């Protein structure tokens, strides 16, 4: 290339016209084998590299996408299987029972389990709580009429809390709340299982509130 | 390339596919994410923030707090997020569903604020709000003071109940309404509930599962 | 067939250039003005990083807002105006006839810049949207999308009415950038500001927009200039040009998918970050093609070529680093630190801006028919801006790596981190000072060139070197 007539640094010189630039490059496109039917190596290498990159990207995506599941945050994890979702982690009945007690029971029986005479009897050290059969029925169906607890007479109405009632507690929640009550405030009775609650519910069906007389027939 | 319409629709497809895949795809997956109802606690999480806290998020956004503070805790192994006490679990999409403008943030020139409210309440108790006001008013070596969020005025009759405890004698420094919403928002930032999808995934747990 | 034009020199002064003088100078001038304003704001934010109390009492310039103002003036002020000027000019040149519909461009430019100014006042007074790359308040964004489309009208008309049936790589990139910004701006503001999507989907959509704006708008604008100016100044055929279109479509189809790297470890599903690795690794092909095509830039001479060599190197580096930081292990150290800022500045300043500077240096004497007013100012700008960018990147990397190391140690407090990165931040401040000085030189040089109504006009011969037969270099 010959030296320009006078180099002016303030202007960038062009070496080709627009027309020849476009025309010459257009001719490069689609030029497959050259005149001697030789394939150039570079295009093949580039295509090979491109497929390699696609392969790498696809493999990586397949391996670390968590199956595109919206709840998979760790790229090594896999989405939960259908069965796993139902199997909720085991809940501590004491924790659940305490929460249910606070929501459902505490307004009458008080957070400290001491009740509120003359209508609401205490649960702490109550002989009624110690009996599993009686306690479950009271929670399931409620209680009407006078009742003597720890030698004191109470008279109030306890609403039903079991399935189908206003509170609609499941057998699991009833079992939990009873388990909680039966080990709190000095009570020392054993835990109550949801199966036992469900069994009594099955035996008694849907019925009106319990009476003290009926309960006294039970162990 | 000589074919104009093909070129045009190629561009449209290129943009449209990426928009559809990333934006619409994630909207389809996460856009209708529901709160998680916990039977044990008898409540759905996350809790809906109070209106004043929601307005505070807009103040947080328009001051550009997100240019220095993030609001996302990453899982263990991703930096020292949990070691610094920013949260006990990683943040998940469900944490943000009630937020009008989630402020995930881009830089950490200051601490993460995902659980700031819970943190400062544990530390300061009922004085937490006053501590935040004081910090916003005075700043620190690493944090600017936002004096424009406060009104410094003479005590005219009764001293305002909201005035900072550290106001100079004879004057009262009262947080503006914007400052109050901002602090309500900050105090509200606490995500303690442990969603199933937020539990850490460990290789050991996976192997155990494979054995079963 | 030989394509050596007999009147090469006069062919270099085309009616396109003189005809489009006013609108293009308006675009470039407003771009440079915004660049200087953005430089002042960058200086303020950098000082605030080191001394948080700096201008903290001023609600308008509190750090978060100053940061948003700096970013918006840089992207929508400088890059948009300058990039549009380059794209329109390239399309006019290669279309072969004078640009039509230039009134649209002038009106569009006025509206674009007015809307931007209104939006900046909005940010300063508390209407900031809070999304990176899209901080402007929503009430100016529809106007900006329409104004951009109006500025693009002459370019699109030149593309549709081009005289040659053939097309050239520079045209593809320019047309793509003209079409795509209004689309992505409309799509992003719809789901972010008008009918906001829920929760973290906003963050995902914002990342999509930021990445699309970089890969589908700014990078194509920069490449449009480079694909034109590099072969023009080098006088050689671009090697492996037959792959240019594949490289172009790779960028178009995959570019916007690579944004997930900003959300690594965040509250978004794993596939979003994984997708970024997939797209990023395939995108390497695009960067490779650009490198192979434009490597003839090493042989070209002149000021413009020097800018462009710097810009291309930065561009290729961005591609590699974006892929590298898409991997979770690498992202750990980059995320939330100044290293991420460094990568963004490498892209926006090192690559796009330098390529624009090069293209502008090439085109201004042609549209004004006058050489640059001062060779000294031009060279001064190039040297200062190159040093400024290098110092900026080095300082940001130093600050970022210190910060990344200290953040990972739970015992180090933020006060201590701020203290430990004080020295590198001083480097950042001096880099922004250098850049501001450099860009002032360019603005002065530009104004002297554009506003000199009398003075030496360019002789056609000086615009053209002894033409080489382009075909000669084909084999």
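A, B and C are the chain letters, set down in written order, and residue numbers restart from 1 in every chain.
The rule is short, and it goes like this: a residue touches a chain if its C-beta (ideal position, glycine included) is under 8 Å from a C-beta of that chain, and two chains touch if they have at least 3 such contacts.
Keep in mind the model is a prediction, meaning the values are calculated, not measured.
Which category does the touching pattern between chains fall into here: line, ring, star, complete, or other?
Contact map by chain: complete.
Using mean Cα positions as chain centres, tell me which chain lies farthest from subunit B.
It is C.
Check B-C against A-B and say which one is joined by more contacting C-beta pairs.
Looking at contacts between chains, B-C has the larger number.
If you average the CA atoms of subunit A and of subunit C, how many Å lie between those two points?
Measuring from centre to centre gives 46 Å for this pair.
Distance from the CA centroid of subunit B to that of subunit C, rounded to the nearest Å?
One centre to the other, that is 32 Å.
So how far apart, in whole Å, are subunit A and subunit B when each is placed at the average of its C-alpha atoms?
The separation of the two C-alpha centroids amounts to 21 Å.
Please output the residue numbers of subunit A that touch at least 2 other chains, ranges allowed.
70-74, 77
Mind pulling the residue numbers of subunit B that touch at least two other chains?
26, 29-30, 33, 75, 90, 92-93, in rising order.
In subunit C, what residues contact two or more other chains?
Where subunit C meets two or more other chains at a single residue, that happens at 166-167, 245, 267-269, 275.
Subunit B touches which residues of subunit A in the complex?
So the residues of subunit A in touch with subunit B come to 70-74, 76-77, 89, 91, 95-96, 99-100, 103, 173.
Spell out the residues on subunit C that touch subunit B in their complex, using ranges where they run on.
Subunit C residues touching subunit B: 48-49, 52-54, 56-59, 62-65, 67-68, 126-130, 132, 159-160, 165-167, 172, 175-176, 179-180, 183-184, 187, 191, 196-205, 208, 212, 216, 245, 249, 252-253, 255-257, 259-260, 262-263, 265-269, 272, 275, 332, 335-338, 340-341, 407-410, 414-415, 417-419.
Would you tell me which residues of subunit B are touching subunit A in their complex?
26, 29-30, 33, 39-42, 75, 90, 92-93, 196-198, 200-201, 203, 206
Please name which positions on subunit C make contact with subunit A in the complex.
On the subunit C side, the touching residues are 3-5, 8, 11-12, 14, 93-94, 96, 164, 166-169, 229, 231-235, 237-243, 245-246, 267-271, 273-275, 277-279, 281-282, 284-285, 288-289, 292, 300-305, 328, 361-362, 365, 371-375, 378-379, 458, 461-468, 470-471, 474.
Quick one: in the complex, what on subunit B touches subunit C?
1-2, 4, 7-8, 10-15, 17-19, 21-23, 26-27, 29-33, 61-68, 70, 72, 74-75, 78-80, 83-85, 90-97, 99-111, 139-148
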